[in-house]
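Read the structure below first, then the notes.
Chain lettering (A, B, C and D) follows the sequence in which the chains are written, and residue indices restart at 1 in each chain.
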Amino acid sequence: MTRRNFHSDNEAGVAPEILAALARANDGTARSYGDDAITKRLRARFCEIFETELELFPVVTGTAANALAVAQLTPPYGAVYCHAEAHLNTDECGAPELYSGGAKLIGLEGAHAKIDPAVLQHTLRHAGYLDDHECKACTLSVSQATEHGAAYSAAELAQLTRIARGYGLRVHMDGARFANALVHLGATPAELTWKSGIDLLSFGATKNGAMMAEALLVFDSALAVELGRRRKRAGHLLSKMRFVSAQLEAYLDGGLWLRLARHANAAAQAIAAGFEGVAGAELLHPVQGNEAFLRLSPAVAEGLKAAGFGFNRWPRTDDVYRFVAAFDTPSSAVEDLVQAARRLAG
Amino acid sequence: MTRRNFHSDNEAGVAPEILAALARANDGTARSYGDDAITKRLRARFCEIFETELELFPVVTGTAANALAVAQLTPPYGAVYCHAEAHLNTDECGAPELYSGGAKLIGLEGAHAKIDPAVLQHTLRHAGYLDDHECKACTLSVSQATEHGAAYSAAELAQLTRIARGYGLRVHMDGARFANALVHLGATPAELTWKSGIDLLSFGATKNGAMMAEALLVFDSALAVELGRRRKRAGHLLSKMRFVSAQLEAYLDGGLWLRLARHANAAAQAIAAGFEGVAGAELLHPVQGNEAFLRLSPAVAEGLKAAGFGFNRWPRTDDVYRFVAAFDTPSSAVEDLVQAARRLAG
Amino acid sequence: MTRRNFHSDNEAGVAPEILAALARANDGTARSYGDDAITKRLRARFCEIFETELELFPVVTGTAANALAVAQLTPPYGAVYCHAEAHLNTDECGAPELYSGGAKLIGLEGAHAKIDPAVLQHTLRHAGYLDDHECKACTLSVSQATEHGAAYSAAELAQLTRIARGYGLRVHMDGARFANALVHLGATPAELTWKSGIDLLSFGATKNGAMMAEALLVFDSALAVELGRRRKRAGHLLSKMRFVSAQLEAYLDGGLWLRLARHANAAAQAIAAGFEGVAGAELLHPVQGNEAFLRLSPAVAEGLKAAGFGFNRWPRTDDVYRFVAAFDTPSSAVEDLVQAARRLAG
Amino acid sequence: MTRRNFHSDNEAGVAPEILAALARANDGTARSYGDDAITKRLRARFCEIFETELELFPVVTGTAANALAVAQLTPPYGAVYCHAEAHLNTDECGAPELYSGGAKLIGLEGAHAKIDPAVLQHTLRHAGYLDDHECKACTLSVSQATEHGAAYSAAELAQLTRIARGYGLRVHMDGARFANALVHLGATPAELTWKSGIDLLSFGATKNGAMMAEALLVFDSALAVELGRRRKRAGHLLSKMRFVSAQLEAYLDGGLWLRLARHANAAAQAIAAGFEGVAGAELLHPVQGNEAFLRLSPAVAEGLKAAGFGFNRWPRTDDVYRFVAAFDTPSSAVEDLVQAARRLAG
């Protein structure tokens, strides 16, 4: 049977180039805890790609990268503004709260899980009125691509970060699917991050073909002070770090990350296009990454499940479903899905 | 000049009966940390008034009582549902997050800062879908009276707690103004708490004439396990506890607390009634305690400020003002306020 | 029966001057949360007495003052060095750990619960060797008087703080019994604190005649940044703060605090002197405050208990007992105690 | 040049069998977050090897496994007893404190970093005396092998756990080098864990040939409740978990883990034996795993460094050095080291 798995890009495997890099990295001994040659090379490579000096902290989960970023930018008595649907807010079981020592996440609204600038402006204008009774507004976190599969343009990011910085906030980007947004927008990594006012980036790789590798990038070294100790006490200072860095190096090498993301995005576009003719199916968000969100009739949703297709109902909804394409989703899988849906919608 | 302070009931002083009790309590030595005769008597008195066995933890701030309650009911990976406007959520600078080790507060909507049962039902029905990725639904916290000065009837409380308990949650009541709600509703303490499904009550006294005295009441002793250690490590196990307990004893004695609350409520009613004829003034919430929330025109609001009246703009609004009456607000003060408002409104 | 309570100074009541001040403070309304006239006057008074500008944070327990100080000086990934017997380390059920978000307390040795400078030097010389794997050395905390009733001279303090500062640490003093040490040493408040390198002082009053009043004093305003929010989220921003400040004002007024401490110290000296002739009794630490630590034979210890004398066995020992004198311990009480002990030792 | 790295076993690479397993696991899609076939098989395999039902939580660092175990067994107001030299206490930058929300680690003494049963007994006998003022004695943590390279026999473990359980404590074992202790002792996994009173085991693999793979094993399922949520919020629920589990499966397969540990242990024995004839060298602890601790003269220590040998000075000492052998340390490397040392000692 052909592949029918659209549950999540994290159910895919590992790109062969990345697996090969692990074998190559297994050459003799190396200093542990990131003091190895591969990690050093990797930092230089990230500097090139992002066209700036930066501090690099490889980790193995996006939750760790996000929570470290939040803790680094937000004291325990601080507040973090993010979209109400942000992964940070809904899917990490309180990791930002744990790492920060109890900072408060405040969810904001906006279409397609993009924070509405007017909402942010209004919220921050009223923040601080209660002095010590209120958590201090410290951090803005945006997801790129968003949890609804949309992408912020550089201009949209700049607008949000300008508001946030006007109130003294620092800005984090959850880039679990950064590559997908990047290739969709056709912008440079620099344009979508520090040039748009982003201070820290959770740079995702696992969902796009790595095995277990993410990187927390810090564009202002003053914001990296003691981040190493925070990482250690969170249990994320890996002893054989070279094997995380090797994944990231291969991921970046020769633009592999961009190729993989383009493939996944194209598959998501094909899904969206394919469902256009399906009765009762409604595309809810623009497809600007590798995910398509569809409202489906029970007949179609249940029929697809029965036919063995894997996809998840979106939390807090009754009839919205997410289809995620991966770096290696075959076009035949998309075709099968679409044909099955059309048959069911009959 | 007569009193013009409607900022908050916590700007009032101390009822003479309570001050006198402090002097009486200063008789010789007593066991420290709550192992004294007054604290023991106080517990018995609370049992009588609430018509049940209960565990008593006197503290000195409502924030401490609330945060201890949340921490006791909610593991660090748990979620607390409360109204979006709850004091717990907006005015305690993250105390519940600190005490609980990073639990997540989730704000719900509802008119007059009362949680809408349909919203609670919908929210809990969808909770838990994400398994370990999501904070566990553990606790419901309701404020009585609410932050908008409204009161939940016993039936309304029972409806909310029935929903919550159906999903396995425990329920806390923030009763910073419990006395005010109680006398408004004409119900018994038992009816508004454990008989309506409340597990823990932050029983307020400071806002209603005490100096610094609140009590955390636990109606199910199984929920009090190790609460003493939590109180100690929060710095709220007072060595000379008898002087907190003496305040509470005097507060309860002979129904003083009810008399004081009735006085304050009547003054708030008089404020609301007095503003009825004021052009541009709009009463926003029913006055079911000692607070009146009014939308005012700039002319009236600024004029009253200029005339020396003290009252606060409500957070996150531009033109809503809160007037709070205290246990000792003179009727002349209310009359002065109303007359000044009428003059200003022309 | 005359008083037989030597359990702790916190079993004593309140000095009449302080009780009277509470009544005086109960005059009309006042701004809440410390924005009142008494608290402002109090800060000025502390500045005079300590001969320097300082920031004042009144609280109601020594545990709160200590834990706030630790949290303010120590990030979650930091280490606090204190004596192994420090109250902070053994008697606060992890309050410093809670407030700081999990900082590590490291107990050091030294006679009479005074930190041995050589031990401190050795410890700090080896600290930091493990880089990110090790909590960062941030804070030194000393108790004045110590938990064994001894006092550090200004020179001894300066020696410790010089070592600590040489390694970049900041220094906190737990002054739960600061007055007792001060009058014993005949030094000025300034000499025993900021002139000796102390950054933050937990200034105790409750054990020496106040009802519930301590003050966290910050000698360098840069170290007070956001301490207010930490206090709030710990539940220690009292709404009717004027009644804490009034206690402290009366405590300082006319040198009351010094008189009360002198009385208590003299009583402790009398206890120590009285036990000199008692067979099997051994004074274990110099009496430089209001406490005497005695090793007693079972016959004497049990006999005194049976005769109704109150005193506690010291934790982690089998036969060491602490006798604490209070600001109002009558000399007759000491005489009774000593005579009883002599009779029992026969 | 032949290998000269004795810094740490975590500077070694990955056993070829484990690398091969990663490639094999990369076969199509799999459920994420541990709901995959490999992880399920792995749990069954662990049950066989440990001869009992158990709950399995694969993670990627020993610090994460240890800190999760501590947090699971210890409430925030609890105390954890471990050896003063325990990795948990000295090398994890406060991870147990972070994960537990501020529990207190209490270091105990004992030769060779093994907890002395008499010290444990004495400590626990005195614990609890201060009631709520004291952190509650909850957890004992032992390291197997210890941080000084020694191993507890099953009888020694049983003695410690019997004491601990007598006071109501639960017991965790930090088994970062469990395999090394196991093969040294010639005991079964069951004998050294649950049969000796161990409740939770941090089962290490990374130091012994895995890439990044450890497992937290819970022998009593009641102790695993909500551990999944704790793991998630710590950022240790890996999406592509199958690649952690595959490492562990290969590690266990055909006794690979035991073969690798035997090799490392033999190399450590050879180091210890080789230094016997070296002037000024003193073996400080029995070699019961893969580490040798030696006091060296400056001439030898500096000479070996200058010759390119890698090994670390032990923290908090001036002249004690640790030599660690890995699963793949060649015998020629040991021979080179020993010959160099002999030459230098002349």
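As a working rule, a contact is a pair of C-beta atoms (placed from the backbone, for glycine too) under 8 Å apart; a residue touches a chain by one contact, two chains touch by 3 or more.
Not measured: the values here are computed from a predicted model.
Novice: I need the common contact partners of subunit A and subunit B, sorted by label.
Specialist: Touching subunit A and subunit B alike, sorted by label: C, D.
Novice: Averaging each chain's C-alpha atoms to get its centre, pick out the one most distant from subunit C.
Specialist: If we average the C-alpha coordinates per chain, A ends up farthest from subunit C.
Novice: C-D versus A-C: which interface comes out with more C-beta contact pairs?
Specialist: Most C-beta pairs in contact, of the two: C-D.
Novice: Hey, how far is the Cα centre of subunit A from the one of subunit D, in Å?
Specialist: It comes to 34 Å between the two C-alpha centres.
Novice: For subunit C versus subunit D, what separation do you get between their C-alpha means, in angstrom?
Specialist: Distance between chain centres, rounded to whole Å: 41 Å.
Novice: With centres defined as the mean C-alpha position, give me the subunit A-subunit C separation in Å.
Specialist: 50
Novice: For subunit C, give me the residues that contact two or more of the other chains.
Specialist: 33, 76-77, 92-94, 97-98, 101-102, 132-133, 135, 229, 232-233, 237
Novice: Which subunit B residues qualify as touching subunit D in the complex?
Specialist: 33, 75-77, 101-102, 131-133, 135-136, 226, 228-233, 237
Novice: Mind listing the subunit C positions that touch subunit D in their complex?
Specialist: 76-77, 90-94, 97-98, 100-105, 126, 129-130, 132-135, 313, 315-316
Novice: Which residues of subunit C touch subunit B in the complex?
Specialist: Of all residues in subunit C, those touching subunit B are 3, 5, 7-8, 10-14, 19, 22-23, 25-33, 59-61, 63-65, 67, 92-95, 97-99, 206-207, 211-212, 229, 232-240, 243-244, 326.
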